[in-house]
């Protein structure tokens, strides 16, 4: 509600393999899916966000310590090369999320190492690639992420993702989708982990032009605003020892003592 | 995050009886508790909020249809005269909350008619008025309502409120308090009802200067921002009939059809 | 898991109006819908439950203080005569639920006075009576209520109920349904209120033989087991005053002190 | 509620290091903490449970594939040797939990590899070993795990664990504790992960005779009943492909198709 002095620094991470190998995908997304996602965020947030992109094939997948330290919100699209993402980078991203970086996981990113690590579950689901129509229904109309979108969002052509979706119970269930075949899916979910926030949004297969869809772009832009937190500094929750009567009273920091001994 | 063009219109409703009858309370809150609450909101939100006050003894308790229609966030402090609030006004406030008005219920307001009606439970608790020290611990450090406050908030003198607190499971549990006597209490809770948001915050008895406490004022100001929603128009969720293949696609409205028959 | 010495006393409350007035409904449910519901519970729970029925037109709607005091689980089916249920009886049922009686609300019971009073919301939804096929998907496979049922449950003919369903966020979301027309609905939800448990299950319109469906009967029987609690005695949560250092330690009672002062 | 034909097979896993090395602990728990935990379960569940124990120093830590396949509920107490638990065994336990085995994590087990892996967070907290009195308050009086215990449970001497506790929002918050020093802690929490259920209960440090406490034993026995599920067979949630109009209808299995193609 109050004006934010500095723009949200969002980074769209794209696997960028389908785009290089499959003509249909390349035609649909000439600059890569990550660039379409970026364009959607910029369209809606304008000067309120500063959006960059990077891809799997960059050194350290483009996710160095310095890059993450300067990122408020990371968006993740991966599918065919989850196993190529190094465990070291996954650990790093995990640490940044728990320390306060926002994370948006898109579509087939449900099977990414980072999502599985944060969820603690298999993140498996049922699926079908047969041009279903997906309807995305808003279950929580007061949620900022649902702001300004149609009810339902109609996506004419999509891959089907269905329940049972093996995830922890979402902290907030924002959207539920149905598919032509009759399946349902918790398609918009949020979780809080450590000092960070996570949003999973399922629409968006490489085989369909979903990231050009007006409402999908709006949801992702809303999500960027929602997962961003404006903590004074990024800090991993840590074990700390406190003597009797000793409390910690520094504003904006819930992770450690002002000074003194720790185990 | 993005600048809000128009300030949040907040209205602080005060029962204003203790202040008139008890010299200690009058000394503590010379202009009434509602004015102290207003001052705290203005201190933190400045031009981002436009804050007014009204009291029980105004015609219709100061809560006419027109007043509520022009209120984004209503704050409620009552204690000794819950039964004097007319059922008609309670129905009106209830309808506005479900239609999208934010509501903050403070301290002994847990036994107000409007809170009980929204919760569906007795809202009973255990209590003691013996100058306990209250410590308010942040359980959800990513929540906007906890932004910028000490962990814990230390309130040197307070009435004790303890569990079991007969409320629906909160959608979000932001704060849990402990008291000198060893009791615990879910002191900061949010719920979503209809198109509206509700925040209950328990610190704040008339016998102690709690609404002059810096952190308490910050929490209430944060709460005003959190419960405010910026829907295009206020609308009560309603029953609607849809024929097959007929969907409703108007942005910002999740309550009814574009046109056509309803039961 | 452990054997229960005494059977669960379940009472099925039926409005019993459609059955009397409409030949199709009477043919479908010759002894009334409430008797079909009873038969399903008995089929699955056998000696573990003792099931009776009563209807709107009985004195006090068959829900006297004594009847409720001897009821562990109340099931509620109403539709066309919600307004004929007296407020006094609604207050009584409400008090018993908060005191520990289990409640199952079925289908059009979403608009009953007792459900609205417990939820605090309008409980409105979208609907259509055009012979949709309903698929009921299990979202929480560890839940007792989902035990032994197909995934999905296929109901060939049903009324459509769709989102937005104006209810509090369920404590547990067990089932989500889709309909031929593409709508979704949170069709199996639980809440805890006071000392009682509530289960809402939406399949079951008078126009279709849904209460003869094997899986629907199983879900309702599972629900009876889940909402039943075995507290030592039924007690409404109440306000109680405790002096410093005074705690209450009586097992099985979380509502009040063993003796001593209260406000 | 209904009698269970076969007893719950519970396995208490103890790290068993403090007991061997520290005379005070050995005196307090002559047969090891795991045996005290076992005795408490047997005391309350009797023939309804069959309880065994194993420890870190057994081959494969006593947790072979066959042992886990024959375990309905695993209880975990570890502290000083979390790092000695092999990653292979952790993966195995993780798989069994997601496949339907119940898990109870006790006290310092919050920092075990298995708990961190299931939670996806650091599981860090604040602590102090200075003989605090802990009061365990029931927040959810309808929960089976709270059945029959005092409100509050009074533990005269305990290690302090305080918030912020870096865990996912519990699916159910059953207990909240306070400590002499004024800290609060979410001391009884449940989560559902995959097809399994998890209960964390914090009372129980090796320095104090907490597992001889009547109420603590009752809570753990209640927990064993609650985390046990009686699925027809143990199965990990898996990715499966379904063609249009193809559903899976086998009772008691929500993880895969009856037959046919999968990715």
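Order of writing sets the labels: A, B, C and D. Residues in every chain begin at 1.
Following the convention adopted for this analysis, contacts are C-beta pairs under 8 Å (C-beta built on N, C-alpha and C of every residue); 3 or more make two chains touch, one makes a residue touch a chain.
Values in this document were obtained by computation on a predicted structure and should not be read as measured data.
Looking for a copy of the A-B interface in B-D, C-D or B-C, one arrives at C-D, which has over half of the same contact pairs by residue number. Of the two interfaces, A-C and A-D, the higher number of touching C-beta pairs belongs to A-D. In this assembly, the C-alpha centroid of subunit A lies 30 Å from the C-alpha centroid of subunit D.
Centre-to-centre, using mean CA coordinates, subunit A is 37 Å away from subunit C.
Shown for subunit D are the residues that touch two or more other chains, namely 135, 138, 140-141, 151-152, 162, 164, 169, 171, 180, 182-183, 192, 247, 254-255.
Note for the complex: subunit D touches subunit C at residues 1-4, 8, 45, 48, 100, 135, 138, 140-142, 146-152, 154, 171-172, 192, 195-197, 225, 228-230, 247-255. Residues 133, 135, 137-141, 151-152, 162-164, 169, 173, 176-180, 182-184, 186 of subunit A touch subunit C in their complex.
Chain contact summary for the complex, subunit D toward subunit A: residues 98, 111, 117-122, 124-128, 130, 132, 160, 162, 164, 166, 168-169, 171, 180-183, 191-194, 236-245, 247, 254-255, 263.
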